[in-house]
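Letters A, B, C and D name the chains as they come in the text, with residue numbers starting at 1 for each one.
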Amino acid sequence: MNAKTRDVIIQFPDLTVRREDRLLIAGPCSVESRDQVFAVAEVVKEAGFHFLRGGAFKPRTSPYSFQGLQEEGLRILKEAADAFELKIVTEIVDANHLPLFQDTVDVLQIGTRNMSNFQMLKQLAGSGKPVLLKRGFAAKVEEFLLAAEYLTSGGNEQVVLCERGIRTFETATRATLDLSAVPIVKKLSPLPIIVDPSHSTGRSDIVRPMALAALVAGADGLMIEVHPNPQKALSDGYQSLTIDSFREFVVEMKRLWPFLT
Amino acid sequence: MNAKTRDVIIQFPDLTVRREDRLLIAGPCSVESRDQVFAVAEVVKEAGFHFLRGGAFKPRTSPYSFQGLQEEGLRILKEAADAFELKIVTEIVDANHLPLFQDTVDVLQIGTRNMSNFQMLKQLAGSGKPVLLKRGFAAKVEEFLLAAEYLTSGGNEQVVLCERGIRTFETATRATLDLSAVPIVKKLSPLPIIVDPSHSTGRSDIVRPMALAALVAGADGLMIEVHPNPQKALSDGYQSLTIDSFREFVVEMKRLWPFLT
Amino acid sequence: MNAKTRDVIIQFPDLTVRREDRLLIAGPCSVESRDQVFAVAEVVKEAGFHFLRGGAFKPRTSPYSFQGLQEEGLRILKEAADAFELKIVTEIVDANHLPLFQDTVDVLQIGTRNMSNFQMLKQLAGSGKPVLLKRGFAAKVEEFLLAAEYLTSGGNEQVVLCERGIRTFETATRATLDLSAVPIVKKLSPLPIIVDPSHSTGRSDIVRPMALAALVAGADGLMIEVHPNPQKALSDGYQSLTIDSFREFVVEMKRLWPFLT
Amino acid sequence: MNAKTRDVIIQFPDLTVRREDRLLIAGPCSVESRDQVFAVAEVVKEAGFHFLRGGAFKPRTSPYSFQGLQEEGLRILKEAADAFELKIVTEIVDANHLPLFQDTVDVLQIGTRNMSNFQMLKQLAGSGKPVLLKRGFAAKVEEFLLAAEYLTSGGNEQVVLCERGIRTFETATRATLDLSAVPIVKKLSPLPIIVDPSHSTGRSDIVRPMALAALVAGADGLMIEVHPNPQKALSDGYQSLTIDSFREFVVEMKRLWPFLT
């Protein structure tokens, strides 16, 4: 049994996530401090989500922006994940970092800027770790699926796709969330696809309806940004839900659940 | 009471559509024959929808494509609407056609290619008819709302907006359905907004999930293409639901209803 | 002999513009006053250009923006054109305005927002006036050429195409000037194509190099915005050349001329 | 003296390319065989160009496409460059390949898919090699310049930018060549910028006018694909000039030269 079967999204020795469960991931954009991560991890666990996200190595447009806590960030994630029995999803930006990630991280995230870094994809194919591959913000669905084949043809079948918005002329949102990609991917590929309503919209005020819409469109899961104090976030605060708003979202999602299954 | 109030989408002497009801419109892309329109009108009525759509005057990219049945098309729509007690939504492409539409048509549709035909907008503002304004396929949300103000500032308050996809680099769909526009419009404007999953995706195989997602994202209604024989349609057959598929969609939608209200 | 022949771009009883001459048009975005238009007309004439542009009826995104001087604007254009022996190019936004334009205007301009207003195109096809058709800012080259066929198939062979930029994700310019469209159109169509570097870039500081590049790419002419006082312009001042800068451009263009022919 | 000065684009112990010289690069998309590369190198030398391009490591959208001759490709390039006294520009897709490139390659090319692979940029900053950084096909000019700062702030001042087209809705070309970026970059940055008319247009039939237009818009150089037999090319044949067509282009370019300097 593996990610290619119809009913399992991702599998660990101690956890199997089936399509009907959805792959539910939440956490801050960047790991900033132990307190921040623990505050979020607690509510992620409370919500029944199994996965904690948080960026330790951050690929930033400007070399002068905050680049992440790096190794220290991974240590904080690991401590929080152990304390709350969560799995860690975090971005890897260099295949040479694999040894650092090997013992800490459960799911390797490949970010939108690296979807076409095929060299890294080839190298991660052999890592033995599940991979969350985000869609390049200018990638067609076909190119997204072909990028995933750099992983699957290299022997890694635990690949989860993530729609995170595409670049268009519209400026009301950070990117344009392309929810149509969800049912299309499900027609073309056996791979599961989840949706990131936080990065795609870039607006915390519409994350909740778009997350619900994603599930109804058929998404196999969600990745949502939560921050205890979005106004003080070192990156992407304007798109993070507060802890209270995340809790309200979880209530809405649970109300929707019976219609999904 | 008018379209600007929070709880009424559109109002006629004999019909008031409230936000909680949703504005539900279905029909063929083009009016092709009496038989075709009657077959669709019957299922539209049976579904509990109140509005029949169908193009009589068709703005086509090429002057050599089918341009619509024109006056004959309006007559067929009227006959079907009378027979099944439905209201008619159809596109107007020239303000000089208003006298033709005055006694036949209930809602004037302004198509995506004419959203920025401000001269026509000004002229239709005084028509006394409700207007369905489709988003230009390259219009930002802000421009869409400003176009609507050509109607409202001209005295027409019965304006309904319609998201129908924007033009992007993605070729897997005809346009990219921008569902994020739905909650954004609802934050910025008192006007209702509905979604057209048929023209935006251009693919009948994903119309159903996208229509449901639109409702969950907060859309005040839907406009869906249905054709008794999509393979033989004179325009846009690849995006029309068959009658059977439309019926199945209505069942799905009704299952979701308790979540929406 | 007509616009369809290889060597004539546009023809009037008293003026024939050949491909080797280029169709050179300059003037302000909007007609604002007699003084403004006369100041520009003088330099346009001095430069050896034959055509004066200026908007009298302005299609503006917002109904609350300056909408043009309308009939008064046409009168000012006519007076200036007569004084300096220039031909007038100005935008028409409603086919019902044709009688107003009939005796005043030499070339009817169809703006980017009306390229797909096929109804107006059909009506202008019979006007007997040459038409300058601007590319829709979200139109593919193929759609641009098909829109022109609404004019040519309706009997108007004096059609000049104008590339004016397309809408993309780039925000450093108002639109993205698609100069590749110039050689492509010349391969696909007998119609002449000119370039508007002012509206496409939206930046007076790069209008001059882009205008020269357009000519080298094969453009059959240029349409350039000039304003005696761009900072006080009622529309699009940031993209207008000053009179001095326009004079310098003309010197550069004349230096380039020997390489063009 | 370095690339940051106004009048030097790139400098080697035995070759200084000044702005007035332009940086002229030509060669096949992929290195396919010794015969192919030698045939092209001969005409590149004959044209007076100093730089030979050719891909040895190819980042391909599909893992099943030709991935390049790799080390063997570098050897062939080196042999041809030595035989014709040319410098080599070739793409590097993994910083771990640096030792391979160190003795062979003169200019490291970073491809469009890796512009935002900031980790590789940081690693190449310390390589001591000049870098040709291609614009990401969905990068704004501002992001392009910030990516270059990963190189310059890391100590590498020999950075040359390359405009190669952006992704838009237009399908008549492979990408949309954004020539306006050339004068804009020159206003914002001391770095030189060249243009690749081959990858941007994807059409050999318009490469020549667009290359000339690029020079007139202010480009500091060109990178052009040439192949002895484009129809049999293993990648991108439809955009490569034949040897004869390249020769004709060189004649056109030399005719234009007096205007440029």
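Throughout what follows, a contact is a pair of C-beta atoms (placed from the backbone, for glycine too) under 8 Å apart; a residue touches a chain by one contact, two chains touch by 3 or more.
None of the values given here were measured: they were computed from a predicted structure.
Student: I want to compare two interfaces, A-B and A-C. Which one has more contacting C-beta pairs?
Tutor: If we tally the contacting C-beta pairs, A-B comes out ahead.
Student: Taking each chain's centre as the mean of its Cα atoms, which chain lies farthest from chain C?
Tutor: A
Student: Measuring centre to centre with CA averages, how many angstrom lie between chain A and chain B?
Tutor: 35
Student: Can you compute the centre-to-centre distance for chain A and chain C, using the mean CA position of each chain? Integer Å is fine.
Tutor: Comparing mean C-alpha positions, chain C is 49 Å from chain A.
Student: Residues of chain B that touch two or more other chains: which are they?
Tutor: 138, 167-169, 171
Student: Spell out the residues on chain A that touch chain D in their complex, using ranges where they run on.
Tutor: 59-64, 93-94, 96, 113-114, 116-120, 122, 136-138, 143, 146-147, 149-150, 153-154, 167
Student: In the complex, go through chain C and note every residue touching chain D.
Tutor: Contact set of chain C toward chain D: 138, 140-142, 166, 168-173, 176-184, 187, 200-201, 203, 205-206, 209-210, 212-218, 255-256, 259.
Student: What residues of chain D sit close enough to touch chain B in their complex?
Tutor: Listed in rising order, the residues are 167-169, 171.
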